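Structures incoming, each one as C-alpha cells.
In the two complexes below, subunit A is the common chain; its partner is subunit B in one and subunit C in the other.
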Partner chain A sequence: MPELRKDPILGRWIIIAQERGKRPTDFYVDVSTKSKGGFCPLCPGNEKTTPPEVLAYGRNNGQANTPGWTLRVVPNKFPALVIEGNLDKEAEGLYDRMNGIGAHEVIIDTPHHDASFTHLPPQDLQLTFMAFQDRIRDLSRDIRFNYVVVFKNYGSAAGASLEHSHSQLIALPVLPRMITSELEGCLSYFCYKDRCIYCDIIRQELQQDIRLVCQNEHFVTLTPFAPRSPFELWILPRQHSSSYIDMPDSWLPSLSRIFSETLRRLDSCIKDIPYNFLLHTQPLRTGPLEHYHWHFEIVPKLTSIAGFEWGTGFYINPMPPELSCSYLKEVQL
Partner chain B sequence: MPELRKDPILGRWIIIAQERGKRPTDFYVDVSTKSKGGFCPLCPGNEKTTPPEVLAYGRNNGQANTPGWTLRVVPNKFPALVIEGNLDKEAEGLYDRMNGIGAHEVIIDTPHHDASFTHLPPQDLQLTFMAFQDRIRDLSRDIRFNYVVVFKNYGSAAGASLEHSHSQLIALPVLPRMITSELEGCLSYFCYKDRCIYCDIIRQELQQDIRLVCQNEHFVTLTPFAPRSPFELWILPRQHSSSYIDMPDSWLPSLSRIFSETLRRLDSCIKDIPYNFLLHTQPLRTGPLEHYHWHFEIVPKLTSIAGFEWGTGFYINPMPPELSCSYLKEVQL
Partner chain C sequence: MLQKRILIVDDEPAIQLLYNEEFTDEGYTVETAFNGEAALAAFSASPPDLVILDINMPGINGIEVLRRMKEQCPDLPIVLNSAYQQFKQDLGAWASDAYVVKSYDMDELKDTVRKLLT
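== the complex of A and B ==
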C-alpha cells in the first residue's frame, strides 16, 4: 500500500510508492534513453492490456474495452495511489501519515498513435477537456477525495514516458501545497480588495496589451508577469468562476480553440517544445469561491532546474514575458 | 540590468536575466550534450580569466589572482544578479518589481581539477564550509541584501555546467519563498509547543533510530520523514542555532567529517549520484530565532520531475526513507 506523508515544517505531502525489490541503482534512469516505437498499450486493438476503462467516447454502443473509441480513460497500470482501502490517518510521534488512497488515471486523447496533441483539430481536443470534467465530477462523488490534479507531460524532457498522446489525473485525499498557497494568496488579496486577483490580472492585461497572446469570446491566453520559464502561458476564462467542472458545455469549443491556437503558436516558436500543463481549479469540498479563478498553466521545459531553483522556489528566467509574448504573437498560423 | 518580479498570487520572486540577442530556439539545450574536458577557467594558472577574486585561502602572502590558493571565491562571470545599482522598487499596476541587484559567486572548492567533492579529505572540505561563513558575513554588511542562498550542483543531471568542483552563492534583496514557508511552519509549531520543531525532530530521530544515518559530537545526518527523493538527506547541528554564521569555528571539523561521511555513504550506494545541496539558514536581518534551526539538505537527482510534481509541489518517491537509511548504514567505509 502506498503511503502519504506530510513534511511537518512545510505542510508538503509526498507519496511513498515503493516499487518492491528495486535496488538503489535501479532508480537512476536517464530519460533520454527511453525506448521509442514498439508495442503501444494505448493503441486501439490493445485495450485488453490496460486496466478496464472508466470512460470512453465515440464507440456508439460498442462493447467496453474494444476499438472504436475516440477518447478513452483507463486507470494507470502503475498507479502512484490505490483506490481500495481506508485512509487510516495516524501519527508517528510528531509526524503525520495516511494510506496512499487515491485514483491515478490516464486520459488517452486520441486513438491515433502518431497524432500530436498540439496539432489535433480543436474538435478533437474538445473531447479531452470534456473528459477532464466528466472524470472530476465522477471522482468527486468519492468523499475520501479532496482534490483532482489534471495534467499533461508533453515530450520526454517533460516527463512523458509513452509516445501516444495522453493526459493524466490524480485524485487525492489532501490538498497539494501549491493549491493551498494559491488559495491563501487569492484570499489575502480578496480580503484587502474585495476582488478576485485573477479578474484584476485579466483586466490589467487586456488594457496593457503587452503580455496578451490571444483571446476569444470566453478565454484569454497570456504570458504571466513573473513566469518560471520562457514561454510560460496561462489560459483563463474571462468570466469569474472558481471551478472547472462548472464551465458550461457551450464554452468547450472556445476553450479547445484557444488551447489549440496557444499550443500551435508555441510549437511555431520552438518546434516540439517539451511542456507540462496543469489545471488549477478549486478543491472538491467547497462551494463556489469569490476569490479563486480556475485556469490552465502551461510551463515549457527549457531551462534546467538546478539546486538554486529546486531548493528556494526562486526561478531564473532568461526571457521577459513581454518578449515571449511578442514572439508568440508574430507567428502566422 | 536583470529584474526581480513577484508573482502576485504566490508571493514567489523570479529573476528575469535576459541574455541579449538570444532567439527562442537558443534556450533548448540538452544538458547531456554539454562538452567535457578542454579549458577550465577554475584551474590554477587561469585566474585572470575569471572576475577578480573576493576571497582566497592558502596563498600565504602571494599576489591576488595568481596560483597557490587552496580555495578561491570569484564573482560568477555570467551572474543572474548584478552588484552595482539601486533596487528602485516599483509597481506596474497590481504587479511588483525591482532591479535585479545581488551577488552571484562561485566557490572553487579545490585547485585540483579532477578532485571530487565527495572524496576530498574532510580537512579540505572544511575550507568550503569556512568560506560559506566568511562570504555570508561579508555580504551581510551590504544592507540591500536580506538572504544569501548557498548551494552546490553536483553532476550534470543536477545542473552543474563545469567539471571542476565548485559551490555557489546568491545574495538576494528578498527572501526566497521556500525559506519564508519554512520560517512560517517553524513559527506556527513554536507558537503551539514553545519548542523548535527541528530540535523535536532530532530528539525523535535519535530515539527511534530508523532514519538516523550517522552522527558525531555536534551533528546528525538523517533521511527526513517525508523526503522528495530516494536518499534525500538532512545534516543538522544537535544544538539549537538559527544562524549558520554563528557556528563556532570549533565545530567546523565535525561538520566536515559528517558531510564527508554522508557523501561517501551516498556515493557507495549509487556511484557518482548527481545531487544538489542547499544551506538553510535564517535571514540576514533578524537576531537569533528560537523557532528556526539551520541545516543542510542534500537532494539526489534520481527521479524525473514532471508535470505533477512541478505544478503541485506533491512528490512521488519510490523509496521510504527508512529503506534509504538502511542502505546508507550498511555501507562499509
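== the complex of A and C ==
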C-alpha cells in the first residue's frame, strides 16, 4: 500500500510508492556525460578563456589567472544576472519588478579534469567548503544581495554540462521561495515548541537510528522522513547554527569527511549516480536565528518530474528512506 | 589584401543564405557547413579565420564542435550563435569567444565578428 508522508518543515506531501523488491541496482542511471574530452575552459592553462578569477587557493603568490591553483572561483562568462547596476524596484499595478542584478560564479573544485567530486580526498573537498564561505562572506558585503544559493550539479542527468568538477553560486537580491517556505515552517514550529525543528529532527533520528546514515563529532547524515527522491540525504551540523558562514574553521575537516563518506556510500549503492546538492542557510541580512539550522541537501536524480508532480507539488518516491538508509549503511568503504 | 575566411555552421538553409550574403557584403570570404560533422571536415581541410557556430543541430551539437575545434586550434575565434539564451548556462560554451543570440538585426553579430578579426 502506498504511503503519504508529510514533510514537517515545508508541509509538502510525498507519496512513498514502494515497488516490491526494488534494489539500488534497479535504478536506471544515464552515465553518458556531455562533452567528453576536447577543450576544457576550466582546466589549468586555459585561464584566459574564463573571466578573471575572484578567488584562488594554492598558487602561493603566483600571478592571478595562471596555472598553479588548487581551487579557483570565476564569474560566469555568460551570466543570467548582471553584477553592475541598481535594482530600481518598481511596481506596475499589482505586479513587482526590478533589474536583474545578481552574481553568478563557478567554483572550479580541482585543477584535475578527470577527478570526480565524489572521490576527491576530504582535504580537497575542504577547499570547496572554504570557498563557499569565503565567497558568501564577500558577496554579503554587497547590500543589494539578500541570499546566496550554493549548489552542485553532478552528472549530465543532474544538469552538469562539463565533466570537470565544479560547483556554482548565485547571489540574489530576493529570497528563493524554497528558503522562505523553509523559514516560515521553522518559525511556525519554533513559535509552537520553542525549539529548532532541525535540532529536534537530529535528536529523534539519533535516538531511533532508522534513517541515520553516518555521523561524526560535528555532523550527521540522514535520509529525511519525507524525501523527494530515493537516497535523498541531508547533512546537518549537530550543534544549532543558522548560518553557514559562521561555521568555525575547526568544523571544516569533519564536514569534508562526512561529505566524502556520504557521497562514497551513495556511489557504492549506485555507480555514478547523478545528483544535485544545495546549501540551505539563513538569509544574508539577518542575525543568528534560533529557529533555523543550516544544512546541505543532496538529491539524486533518479526519478523524473512529470505532470502530476508539477501540477500538485507532490513527489512520488519509489523507495522509503528507511530502506535507502539501510542500503547506504550496508556499504563497506 | 587576402580576405578573411568565415565558416558559418548552421542547419537552417535560410540562415546560411542570409549570413552568406551579409558577410560577403562585409568583405569576407564565406564558407558554409550544414552540420557539426561537415563543419569539422571543413575545419580540418583548411582552418578558417573565424567560425560562426549554431548550437542546436542534428548530430554533433555546436558545443561539442566548439570543444573539438578549440582543442586543435585554441586561438581560432569562434562565435556561438543560437536562437536560445539557455545554452549560455552550458559551461562548455565558455570555450567560445562570444555568444550572440540570433536576431534579424545582425548588427551585434557583425560587430562581434569585426572585433574578433581585428
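In the analysis below, the second predicted complex is superposed on the first by the 298 of 333 C-alpha atoms of A that agree within 3 Å, B and C clash if a C-alpha of one lies under 4 Å from a C-alpha of the other, contacts with A are read in each partner's own complex, and residues count from 1 in each chain.
Rule of thumb we're sticking to: contacts are C-beta pairs under 8 Å (C-beta built on N, C-alpha and C of every residue); 3 or more make two chains touch, one makes a residue touch a chain.
Every value quoted in this text rests on a predicted model; they were computed, and no experiment measured them.
By the touch criterion defined above, A:A80 reaches both subunit B and subunit C.
Applying the stated contact rule after C-alpha superposition, one finds that A:E92 touches subunit B and leaves subunit C untouched.
In the superposed model, A:F39 makes contact with subunit C only, not with subunit B.
Within the superposed three-chain model, A:L206 lies out of touch with both subunit B and subunit C [touch as defined at top]. Number of subunit A residues touched is higher for B, counting subunit B against subunit C. In the superposed model, A:I170 makes contact with subunit B only, not with subunit C.
Touch criterion met: A:T50 reaches subunit C, while subunit B stays clear of it. Where the contact sets of subunit A with subunit B and with subunit C meet, they give residues 80.
Listed in rising order, the residues of subunit B touching subunit A in the complex are 3, 5-19, 22, 24-25, 27-32, 80, 92-95, 149, 151-153, 157-160, 168, 170, 172, 176-179, 181-182, 185-186, 189, 197-198, 200-201, 204, 208, 224-228, 230-231, 269-271, 273, 276-278, 280, 297, 299, 302-308, 310-320, 323-324, 327. Note for the complex: subunit A touches subunit C at residues 34-35, 37-42, 46, 49-50, 77-78, 80, 106, 161-162, 166.
Touching subunit A in their complex are the following residues of subunit C: 63-64, 66-71, 74, 88-95, 99.
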